[in-house]
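Here you go, one structure.
Labels run A, B and C following the written order; every chain starts at residue 1.
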Amino acid sequence: MSEVAWQKGWWRKDLLSIKELSREEIQMILDTADSFKEISTRDIKKVPTLRGKTVITLFYEPSTRTRTSFEIAAKRLSADTINISVSTSSVVKGETLLDTALNLQAMEPDIIVLRHSAAGAPDMLARALKASVINAGDGFREHPTQALLDMMTVREKKGSLEGLLLAIVGDIAHSRVARSNIYGFKKMGARVRVVGPGTLIPRGIESLGVEVFHDLREGIRGADVVMALRIQRERLEGAFFPSEREYARFFGLSLDVLREMAPNALIMHPGPMNRGVEITPDVADGPGSVILEQVTNGVAVRMAVLYLLAGGTRGEDLH
Amino acid sequence: MRICIRGGRVVDPSQGLDGPAEIWIKGGQIEAICRAGAPVGGCQRDAQIIEAKDFLIVPGLVDMHVHLRDPGYEYKETILTGAEAAVAGGVTSVACMPNTDPPMDHGAVVEYVLRKAKEAALAKVYPIGAISRGLKGEALSEIGELKASGVVAISDDGRPVTNALVMRRAMEYAKGFGLPVISHCEEPTLSARGSMNEGEVSLELGLRGIPSVAEEAMVARDILLAEWTGCHVHIAHVSTAGSVRLIRDAKRRGVKVTAEVTPHHLVLTHDAVRSWDTDTKVNPPLRSREDVEALQEALRDGTIDVIATDHAPHARVDKEVEYELAAFGISGLETLVGLTLMLVERGVLDLSQWVTKVSLNPARILGIKGGTLTPGSPADLTIIDTNTSWKVDPANFRSKGKNTPFKGWILKGRVVYTLVDGRVVYKAGI
Amino acid sequence: MPPDTGKRVLLDASGVRRALRRMASQIAERHPGEGDLALVGIRTNGIYIAQRLAKEIEAIEGLRLETGIIDVTLYRDDISRGRPHPLVKRTEIPFPVDDRKIILVDDVLFTGRTTRAALDALMDFGRPALVELAVLVDRGHRELPIRADYVGLEVSTSRDESVIVRMEEAEGADEVLLVGPGWKGES
């Protein structure tokens, strides 16, 4: 076996954001994920690579999907997984994140997958711990593995992201998925538009190199990929837009509106969907929809990230 | 016994003084200042001599915006540790904010603070009374009694007075008692739940933003109310270019408005938050480069009268948490001199302007003694070695609050002596 | 003493060709007319060698054997030692391995650890009836009880030397070199 593979490689201890990654690093994760995808098609969906490693999923926000995806990924690599769910209410009055971190460190985990409602929490944890930290979503800031699986899905279908036009539709302001995808797709050479009502588009977002549209038809015109974001009705209705009905009428993806897209355009959604609000059922289940592929690729991407980080530089190896 | 401070450069804008001079102190007061070459010359034999060769001698610094946390939050700071921090930072007088527990909304708490300050016998402590009972922004506190107990101003600092009518009444009432109203300007419905400046950095970090307009909306309101009532309003911790414009216009119209800025708003931008260091979390938040430049310009042209620290000490448990959950505030007393002399070094201010902003103006605004070395005034002075650099290490702070975003910074300008009423209350370890 | 920077050609292009032809005829001899025999190459050179062997066997037997690719990275016993993990490439075994006769193919047999990893990987795909091993070069120094069934060239080496196999598909020409530890490659 060639030793050349050792020369290049992944040196990071943590995966905290897409913003911090180079194009080459993103490419490396996506290539690795492509290779890992095959494992999930085998009868025996397991390789021994991370045998003896401990992966803790630490979730301060409920998310069955992401947690399960990480857990399956870790198990397919033969790692031991432990799931900890913390209710946010106990965080505020209970021990500090740093206390929690040091307690976990004492149990010598290798990788901690953190979901937290506070932006930057994974960075704090990563700084305090020897273990690798994977950001599984922090507040409104980033959700790097989601963007990676989105990029993997589009790359699979389109061959490359270079020169593609992505339109992200909906609640950009409160979306970590939007931020990570803006950074990721831009780095990979795509053009990115954000589409939504003025209240849901953060002021100054043009500084991230995206174009802003408040008209859905205009915003998705010619797009190769349209990504609808989940609308959190409880939080937004009345304050950020008048009603769900009005939102659906002006910003919901329907078959009629989608005629504006490029031929063979892809429809994506990070889930869970509100059918009939940000996306109509016939679009969600229609021909361009790759929503289920996104879920499948999520496992492969997370296997790739776990694999690469487990070989990343540990604190004590730093010179 | 007399004290003679000799060999230093004395800068006292209250008497247009900048040059080598000997300072004579007797009975806790300035007895005389002898300019170099003047005939008096030579310290008498019975005087205690303080050698200040190559040092800068200025009227004791007056920090008109300090949180001493006592009573109620003694784990963050006490009047003793706060006073120790003050004199170590060259500050001889502090005005302390009423957001204690219980708050300083009645005479008994004011008297408690004054008694503790007297026991500490370090910096002079001037309490600021609450505008509203319980700092709730509803009913007025007993402002007359507060004044009688010794407060020098009123403020609900830490919380804005959101009800415009309450603010109007406070100004009308305080004016009659000759008290300035210090306003923490923040429209809470606009800043709601934000933890940093709203701008490209908050966008990148996914943190809820506090827009500059949240501050400016209330600065505008309070300027108009000051104009309407004729009351002196002092705008605390100005942080935006828009506020600067509003204050500049108001001053031009002759409105009785004064304003302060903190050292951190003068030297840091919101880029510092990228470190996720919760010690960069402060209210008002660190703003953009353009805001910082506007604040520096406002200091230079006199729109902003005062540099005050907004010293807000916190315990580790308040800060070692997620950024959004962390407490707002910076422990500022012990970095005041180093940070603001940096502005002098960079040419933002000259030394005389600097003394005006950190000593003379705040003393005048609060109507307290100090800010000057004219004979007969209290011998409050600060002696600074402007040539020595030091590294900010919060572990060495006298303050209980180790929360500073300047940890590790190399600052030039070190306090060597602090004198209050002619007593050396701080002397740097040499 | 400076490290040996020398290089020795063990097989040139025609040597490689002859070795592969010999191996193919040995395989055909041992498995006459067995169309269900399959060749699985270990990344990267093993893939090319497996395809060449399949072609040679086709020439002898008139049977096209199925081939597959195995990437043993995930089964290695030497990862996670403070250096980045090697990049993983696809494993492609496009046929069921249950009850099949499989010949694993690699370029160099050295410690035997790669073969061990490949066996583990293969077993995760099913239960073959028989597994054999074919290598172009056997250079000795085994650390595990593994031996090859078909060997192109047996050569005795010292531990610090390296055997370099170049295949036409990847590098334009077939060649097997034995180089000293100080060898810096060709400019």
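As a convention for this text, contacts are C-beta pairs under 8 Å (C-beta built on N, C-alpha and C of every residue); 3 or more make two chains touch, one makes a residue touch a chain.
In this text, all values refer to a predicted model and were calculated from it rather than measured experimentally.
Peer 1: Count the C-beta pairs in contact for A-C and for A-B, then report the pair with the higher count.
Peer 2: A-C
Peer 1: Relative to subunit A, which chain's C-alpha centre is the most remote?
Peer 2: So the farthest one, by centre of C-alpha atoms, is B.
Peer 1: Between subunit B and subunit C, tell me the centre distance in angstrom, where each centre is the average of that chain's C-alpha atoms.
Peer 2: Distance between chain centres: 76 Å.
Peer 1: Between subunit A and subunit C, what distance separates the C-alpha centroids? Give it in angstrom.
Peer 2: The mean C-alpha positions of subunit A and subunit C differ by 39 Å.
Peer 1: In angstrom, rounded to a whole number, how far apart do the mean CA points of subunit A and subunit B lie?
Peer 2: 45
Peer 1: Residues touching two or more other chains, restricted to subunit C: which are they?
Peer 2: Within subunit C, no residue touches at least two other chains.
Peer 1: Spell out the part of subunit B that touches subunit A in their complex, as residue ranges.
Peer 2: Residue list for subunit B touching subunit A: 198-200, 203-208, 211, 276, 317, 320-325.
Peer 1: Which residues of subunit A touch subunit B in their complex?
Peer 2: 19, 91-92, 96-98, 116-121, 123-124, 138-142, 176, 179, 202-205, 207-208
Peer 1: Going by the contact rule set out above, which residues of subunit A touch subunit C in the complex?
Peer 2: 1-2, 5-6, 8-11, 28, 31-32, 34-36, 38-39, 42-44, 46-49, 53, 77, 304, 307-308, 310-314, 317
Peer 1: Which part of subunit C faces subunit A closely enough to touch in the complex?
Peer 2: Those in contact with subunit A are residues 42-45, 71-75, 79-80, 82-92, 114, 120-121, 124-126.
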